[in-house]
Amino acid sequence: MRIGVLTAGGDCPGLNAVIRSVVHRAVTHYGDEVLGFEDGYAGLLDGRYRPLDLNAVSGILSRGGTILGSSRLERDKFRAACENAKQLAEEIGFDVLIPIGGEGTLTAARMLSDAGLPVVGVPKTIDNDISSTDRTFGFDTAVGVATEAIDRLKTTAESHQRVMVVEVMGRHAGWIALESGMAGGAHGICLPERPFDPADLVTMVEERFARGKKFAVVCVAEGAHPAEGTMDYGKGEIDQFGHERFLGIGTALAHELEHRLGKEARPVILGHVQRGGTPTAYDRVLATRFGWHAVEAAHRAEYGKMTSLRGTDITMVPLKDAITELKTVPKDRMDEAESVF
Amino acid sequence: MRIGVLTAGGDCPGLNAVIRSVVHRAVTHYGDEVLGFEDGYAGLLDGRYRPLDLNAVSGILSRGGTILGSSRLERDKFRAACENAKQLAEEIGFDVLIPIGGEGTLTAARMLSDAGLPVVGVPKTIDNDISSTDRTFGFDTAVGVATEAIDRLKTTAESHQRVMVVEVMGRHAGWIALESGMAGGAHGICLPERPFDPADLVTMVEERFARGKKFAVVCVAEGAHPAEGTMDYGKGEIDQFGHERFLGIGTALAHELEHRLGKEARPVILGHVQRGGTPTAYDRVLATRFGWHAVEAAHRAEYGKMTSLRGTDITMVPLKDAITELKTVPKDRMDEAESVF
Amino acid sequence: MRIGVLTAGGDCPGLNAVIRSVVHRAVTHYGDEVLGFEDGYAGLLDGRYRPLDLNAVSGILSRGGTILGSSRLERDKFRAACENAKQLAEEIGFDVLIPIGGEGTLTAARMLSDAGLPVVGVPKTIDNDISSTDRTFGFDTAVGVATEAIDRLKTTAESHQRVMVVEVMGRHAGWIALESGMAGGAHGICLPERPFDPADLVTMVEERFARGKKFAVVCVAEGAHPAEGTMDYGKGEIDQFGHERFLGIGTALAHELEHRLGKEARPVILGHVQRGGTPTAYDRVLATRFGWHAVEAAHRAEYGKMTSLRGTDITMVPLKDAITELKTVPKDRMDEAESVF
Amino acid sequence: MRIGVLTAGGDCPGLNAVIRSVVHRAVTHYGDEVLGFEDGYAGLLDGRYRPLDLNAVSGILSRGGTILGSSRLERDKFRAACENAKQLAEEIGFDVLIPIGGEGTLTAARMLSDAGLPVVGVPKTIDNDISSTDRTFGFDTAVGVATEAIDRLKTTAESHQRVMVVEVMGRHAGWIALESGMAGGAHGICLPERPFDPADLVTMVEERFARGKKFAVVCVAEGAHPAEGTMDYGKGEIDQFGHERFLGIGTALAHELEHRLGKEARPVILGHVQRGGTPTAYDRVLATRFGWHAVEAAHRAEYGKMTSLRGTDITMVPLKDAITELKTVPKDRMDEAESVF
């Protein structure tokens, strides 16, 4: 069998572990050939690929990023290509495609599948917001990086009687903020799922100071926003080219709290640091299992599906179920955190 | 409500996070009092405890060990105490006991429960071998420590064309060896669940050397053992007091491989390093959730049960189901690893 | 002997290690008493202190922040107090003061010393910019945090063909940017010591892309600035209260490079994460040695001096020499980095 | 200029950083060619090498081990080769050799130099025991790994009222034990430089328990040994092939303390974990500077010397001075640790 593999969308620790696992299982167990398309779907459409043997994936298990590169999907070009998907596969010469990526990637995967191309997807979302799997790889690493940052900031906050506002990833779902906030013991957590009222945070900080705990840490998802009418964002920054740029909810909230509390409040924006670098053991194991099961599914001709973690098992779920709904943080998970939301 | 809490059995990262979570939920939400028994059941039997308020658990979320101490159960003394369990609770003055511990601790918890004491258990096993929960806290940290060690050893092995044998925890179940072996990319993994044949490892190493990969890493659970007749253990060491001490399967296997291969093979025994120190974010979140749900169960008077992770949910399972069966590594999990077993 | 100790100025990993070391040496070896003044010089002026015995410093060696707290110096109040420095010491009852802090703290220490108070200083600057010592504690930890961030960002930059601009600490001296830039293999490094020209960075990035290395990382000290006329900063951000806030050189430079290159360039501002958390082994050893030698100097009545690392030795240097000159990065240290400056 | 580079002796984090730095400086600044000899001097003698350009060293800065491999010196073969050293260089076609290694490697380097080959050495000793340089790369990483292990073990020791004995590297010099012992806050430190008396450790532990600190950590260099007549080593282990193997001072001491104290004492042998993996930022900077200065020295034709750190400067010292004397831990450095030695 000839298997094509590609990675698309944003960076995520564990992508290389999936690639390696696909190659190991396919080559060692089945004697397959594996083609790695470069820069996501772009490489597929342009026929840019390289053969991936055991040596090509040697040493990448613990490396961040993706050896295959990634790129944004050009939708029109892609749509056109879909019509000739089967022909494309014949020309390049592969039997099944394993795309590794997030919602956009999997939607594209489904289109290819609908167009008749044998596809087995592997879900990737650092935000952990795909509903048809318990967890995705990369998330644990991101939570780990954010938690270590909160650990570090706490000692500074405490020594200087300060409020620290940490902005973490999570545009539509607040899982990283929730879990790193819980793991780091943040006193306030702001999620996209529940508009926050800065007044609640002010009360929390004042109560802490009143009982002698003269610092506080607030963990904010980048997609969190204040309840209507509770806080003004300001005009954002004007950069050197006259463009207005939104300064981010973490920065805005730190300014707001400093203003309302009359105490120092400092933002820390973790940004891309959460996306890169060595994956945790958890993410390497999950990514390896996903890759392995994708190859198995390919050999069982179980197409149009993607790998999924359910409890401790890896199962296959239809691509069409995978991308209908965003998995957001439910209320009972917030309750468990004993923080102000 | 007055809640007693204790930690028993071996050390495990996340114990403090459970204690903290119990106190936070009980004190902040319910206005309960929490008593921390010292040194496990010993403190319960002797009535040694201290009140745990928010200040008492400040800063312990990220700390290894247990602020309450632990000790081995004295079975006879404990059995006698069981008969007066309800009286003991009345004398000390608590309404429910939350024991945090492994198989022995939970068996004892069930005896207390059978004797009429309201009990809500929290399972703890660094080996992840309790069957009635998907995962237990501490395991992820141990796997992380072991994986980092394998990462480090690989570069040394490669530079010096050596075989490294890493012995990790896991007396009866090989989960730590399996997952750290997968995460670290070990070329051989030896588990208690499947007796190994050193000849298979020899073949694997020789094949690697033959194709230019002049090193190998084998990850061995401390409870792994060779298939009958495949390897002699030797007599063990004689210490300075004339006692014979078993030198451990990792060391024995390294000697065996060195002898058979005629190449350098070195053992590394990770030992207690896996048990201590700062828990990973994953373990802190799981431990915090367990503590929170234990308090909830206590307030629902859902006694004789313990917390359990199923998928992404925390549920309560009867103590009697918790301790019947060891959760061991099944064959299909070994298959996923593409290593020699 | 009764020894007073205080920590002043910004947070720095290793402060607790100094305090612990002072207490260990003074109490164990000399049978001294140690008083810990709270919140820096404020605690000294207000007579707020607590006794520090072995138990008080137990477990703090690896903890970030300072158990004594810190605060900004109120200059007028301090000046007034200086006149009665000796009287103050008599009232509170201590024989020698060990202030741990940066340039401001040591200047104040010198004033107290000039006013007749026995003082032994311990230098603290996370920026490593005090000229009379080879290194200061905290610096190694900050460089480590920044380097790990660069390591993580590199994989992301590479996978997405991006330019990443990392802003690290260093207002007047660029040591953190230099060393983390070298350790992380940054392709451009911008220091306060040498105004940079964005055009040089543009050339470097284009040359890299031309030879197939389609990413670049630039490490910028927060105090770095462009050579006159080479780049416009823009107006900064306008926050929700109408205040203009400078958006930081890292962000401005990322915007500039994105504009000039026509490629994605993203800023990452590490901020306070560099200041907090567990110190590295290097910093713990250095801090411990400083504390030990400060006590020795006190017992030799070697006042008006501070501890200093010279080569591998700890020596004592006069406070007046310590604070005259900022230690900046010399040209030959930049040469060693093989990066664009 | 054509520069040959090789790595010899034991593994040490930072070797790749030196290689990368040599290539970067030589190729980018001077337009040199660099040849990498494989497996140490063996590759030189056999003429096995590969060209090292910028791509060949891409991404290795943070990687442990050595991309060039290493091997033990075959003395006789080497001696014979020395006589034709100049001829060898002519045949292979290189102008100067940069060997990176420890005492043996540098002794060999001196022999080559005496035989007329232009040589610039770079010192490497993870034990930090070369007297003509303040520090060597790799040492900081090893101390960091050992310190993290002690941090982890402390929580376990405390929770279980145990004595932990950690054996770290250091055959002839105890620097790793000294610095990781100080950084980890070990209560006893045993060095090769000073024979220890187990009775002193027993007294220390008993005093700790008496004042309520019911645990202790002892850090032992692998080369430490008891004072004559204070402790019997036992017979060592008998392995499965009937060979006697010394069980190591850490294990022997743990048994001894357990026997004398009547308390649990457990050995942890860190072993090869200290040698491998990602170097710390400190080691990467030092290694990079060594590599850079080696190339500069080559271009100044400053042969027969090696790089050396003195204070904050890199200087060149004659190879003949480098290898005369082992740098051991002096008494005053032990005094600073406030531990039992």
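Note that the chains take the letters A, B, C and D in the order they are written out, and that residue 1 is the start of every chain.
In the analysis below, a contact is a pair of C-beta atoms (placed from the backbone, for glycine too) under 8 Å apart; a residue touches a chain by one contact, two chains touch by 3 or more.
As the structure is a computational prediction, the values presented were derived from the model and not from experiment.
Averaging Cα atoms per chain gives one point for each, and the point farthest from that of subunit A is the centre of D.
Between subunit C and subunit D, the centres computed from C-alpha atoms are 29 Å apart. The distance from the centre of subunit B to the centre of subunit C, each centre being the mean of the chain's C-alpha atoms, comes to 40 Å. Distance between chain centres (mean CA atoms), subunit A to subunit C: 34 Å.
The set of subunit C residues that touch two or more partner chains comprises 151.
Inter-chain contacts, as defined above, occur between A-B, A-C, B-D, C-D. Within the complex formed with subunit A, the residues of subunit B that make contact are 21, 24-25, 28-29, 58, 61-62, 134-135, 140, 143-144, 146-147, 151, 179-180, 182-185, 213, 278, 280-282, 284-285, 288-289, 292-293, 310-312, 336-338. Against subunit B, the residues of subunit D that register as touching in their complex are 10-11, 15, 63-66, 69-70, 145, 148-149, 151-161, 164, 231-242, 245, 247, 252, 255-256, 259, 266-273, 275-277.
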